[in-house]
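Each chain carries a letter (A, B, C and D) given by its place in the written order, and its residues are counted from 1.
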Amino acid sequence: MPNINSVAPELQVSQWLNTLRSITLADLRGRVVVLHAFQMLCPGCVSHGLPQAAAIHETFPAADVAVIGIHSVFEHHSAMTPVALEAFLYEYRIRFPVAVDRPSISGNIPHTMELFGMRGTPTLIILDQQGRIRLNHFGRMDDLRVGAMIGQLVSEVAIDPNSNQEQEQAAAGSGGCDDDKCAISDNMGSANA
Amino acid sequence: MPNINSVAPELQVSQWLNTLRSITLADLRGRVVVLHAFQMLCPGCVSHGLPQAAAIHETFPAADVAVIGIHSVFEHHSAMTPVALEAFLYEYRIRFPVAVDRPSISGNIPHTMELFGMRGTPTLIILDQQGRIRLNHFGRMDDLRVGAMIGQLVSEVAIDPNSNQEQEQAAAGSGGCDDDKCAISDNMGSANA
Amino acid sequence: MPNINSVAPELQVSQWLNTLRSITLADLRGRVVVLHAFQMLCPGCVSHGLPQAAAIHETFPAADVAVIGIHSVFEHHSAMTPVALEAFLYEYRIRFPVAVDRPSISGNIPHTMELFGMRGTPTLIILDQQGRIRLNHFGRMDDLRVGAMIGQLVSEVAIDPNSNQEQEQAAAGSGGCDDDKCAISDNMGSANA
Amino acid sequence: MPNINSVAPELQVSQWLNTLRSITLADLRGRVVVLHAFQMLCPGCVSHGLPQAAAIHETFPAADVAVIGIHSVFEHHSAMTPVALEAFLYEYRIRFPVAVDRPSISGNIPHTMELFGMRGTPTLIILDQQGRIRLNHFGRMDDLRVGAMIGQLVSEVAIDPNSNQEQEQAAAGSGGCDDDKCAISDNMGSANA
């Protein structure tokens, strides 16, 4: 898992939705980047995470903040196909670009999820204008805190990012979904982990 | 469409979930029956209709009230397959029996949906102890009203059901989903309509 | 405290608001009566109880269901005066009749609250068409249950009320308010208790 | 009304609650200051504004952000007395310091409300670390935006505050409360206006 304040690895994407062209994180230097990793059948993503990401997308100017969804499926793969995702995005009126996280050949955890050390969905990752990871949060996070971090990063010009970082430790968990989130369980680990 | 106060036609089911055996409405005579027709990608079903059905299921004794979900897919058929539904019910912790509405061979509208003259999802249908349709409501309906009808029907022993009925007229609509519901559009009509 | 199914005692009222004439429970025979006892500074009353009472008032025909608020102040008497209550009802747009519970001369608990054995606010009391107490509930109660009881009582013509009653036992409590309700504490007991 | 980016005038306070000593804005230089002006019988203040102020108080370190309530009564003066306010703060568990806005002798609008050109309640005013007004907002404002402004102001060290300001124009309004806010009406204007 990349450390807080290290430059984020590139997204590993098998397909893009809601955008005509591929997007790289390198393209987005100079803007704050909000990555929302979700699964379409994760209740906490549907009730809280995706509405929050949509609100961020509507609230902040695109020149300041880029919002990208990442569909990181680690369970029920046959239910959450790209075709189903497309219908889901249409019905839930999600307008921002969404990347389908590239599936692993040898395990359940898709590549971007593994690269960023995500523990499940929803995960909120925020990058500063230099592309460094400043937040990597699994589960629900309230709008005041998310807003504060975005407000800070948008206005920040200094180089030294030694404040307000948060890093969730990848604790071994029991897996499964509760109202807020879906956790990767130990036996889902990818073969190459 | 069957009239209010007429005996409900039987459900047309291709598959049952959350129950080991098939259920017929005839089996349920003597109990009030709450039918909740939904689609797993209908936002109003997920945010309002299914939680309401689950609350009815938890609130009333099973000896008095039977709750049955009907997965009536009339759009995005390739996304809302029985396999996807099974994952959805698991993640959303829906415990009551759910019928997969039998698909039409010649059109988009599945058979039970057509038989009951439903206009979209969510649709709430309530049957009295004699199996007669006493409510057939498309869209959101608040808990006070739903509770009042159930309370009345549970306590009712008389034969004459000439009160409190409600019938939604099947007006031609533009189709599509809003926050509360998904409507069948005109060009979705089944071939045999 | 009157037993469930006994005829309710009359309200003890020092002042009426939102009505030009006094109301007695005897006047309301033949209708279901919903009594909502509250305090204007009780958070659970403001966030849940009063909106529920207002929804009942809007949902059911006045010929079937009468809704009456009872301002039963047992704490902060100098803050919750009739003048303050009038401003409160105006700002919160409460339209149904509200009785000011007659204050006790010798203690904190007003007379109607004492007569009905209420344990605090909000308390929801429901009378059947014969004026008998069928529910006496302290704290939050969800709309499905409240609706079911009203639906049953409105449709009921029989004499025998031996079902669905609920009686809260007057357990000694610690007093004070939580998010849902404000409880009478032991040392608030009226002098004549 | 002071301009955005001008230094805020001092609060005019007749009484403090939830603090043992008086507070001046001058004391708070070096911290971001959040002023929440409310009335205890303003529905939008109770349902949205005060919970937001309490959340800000809990979310941000006191060394970074100071939260102060201002009870600015411009209607129903006999209902919203300091005694009633004290009971209200206790029951609603408001912990941050609250100033009673000094009443006008000659009109309805209290002095701090007039000095800041507030249009009603709730009003959210945010000062930067130099004590300059950076936001003066009447009505509801969502947590993402409020969080973003606080996050920016907390991290800001530069002198030039020429961004993200917002100023509500004091438009003549009809007065009265809706779900979100209570507006001063024209005929409430203070005599010295």
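Operating definition for what follows: a contact is a pair of C-beta atoms (placed from the backbone, for glycine too) under 8 Å apart; a residue touches a chain by one contact, two chains touch by 3 or more.
Just so it is clear, the structure is predicted and the values come from calculations on it, not from any experiment.
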Topological distance between subunit B and subunit D, in contact steps: 2
Where subunit C and subunit D overlap in contact partners, by chain label: none
Same or different residue numbers at the subunit A/subunit B copy interface, by half rule: same
Chain whose mean Cα position lies farthest from subunit B: D
Subunit A-subunit D separation of Cα centroids, rounded to whole Å: 36
Subunit A-subunit C separation of Cα centroids, rounded to whole Å: 49
Contacts with two or more other chains, residues of subunit B listed in rising order: none
Chain-level touch network, classified as line, ring, star, complete or other: ring
Of subunit C, residues touching subunit B in the complex: 55-56, 59-60, 142-156, 163-164
In the complex, subunit D residues that touch subunit C: 41-43, 46-47, 75-76, 78-81, 83-84, 86-88, 90-92, 177, 182
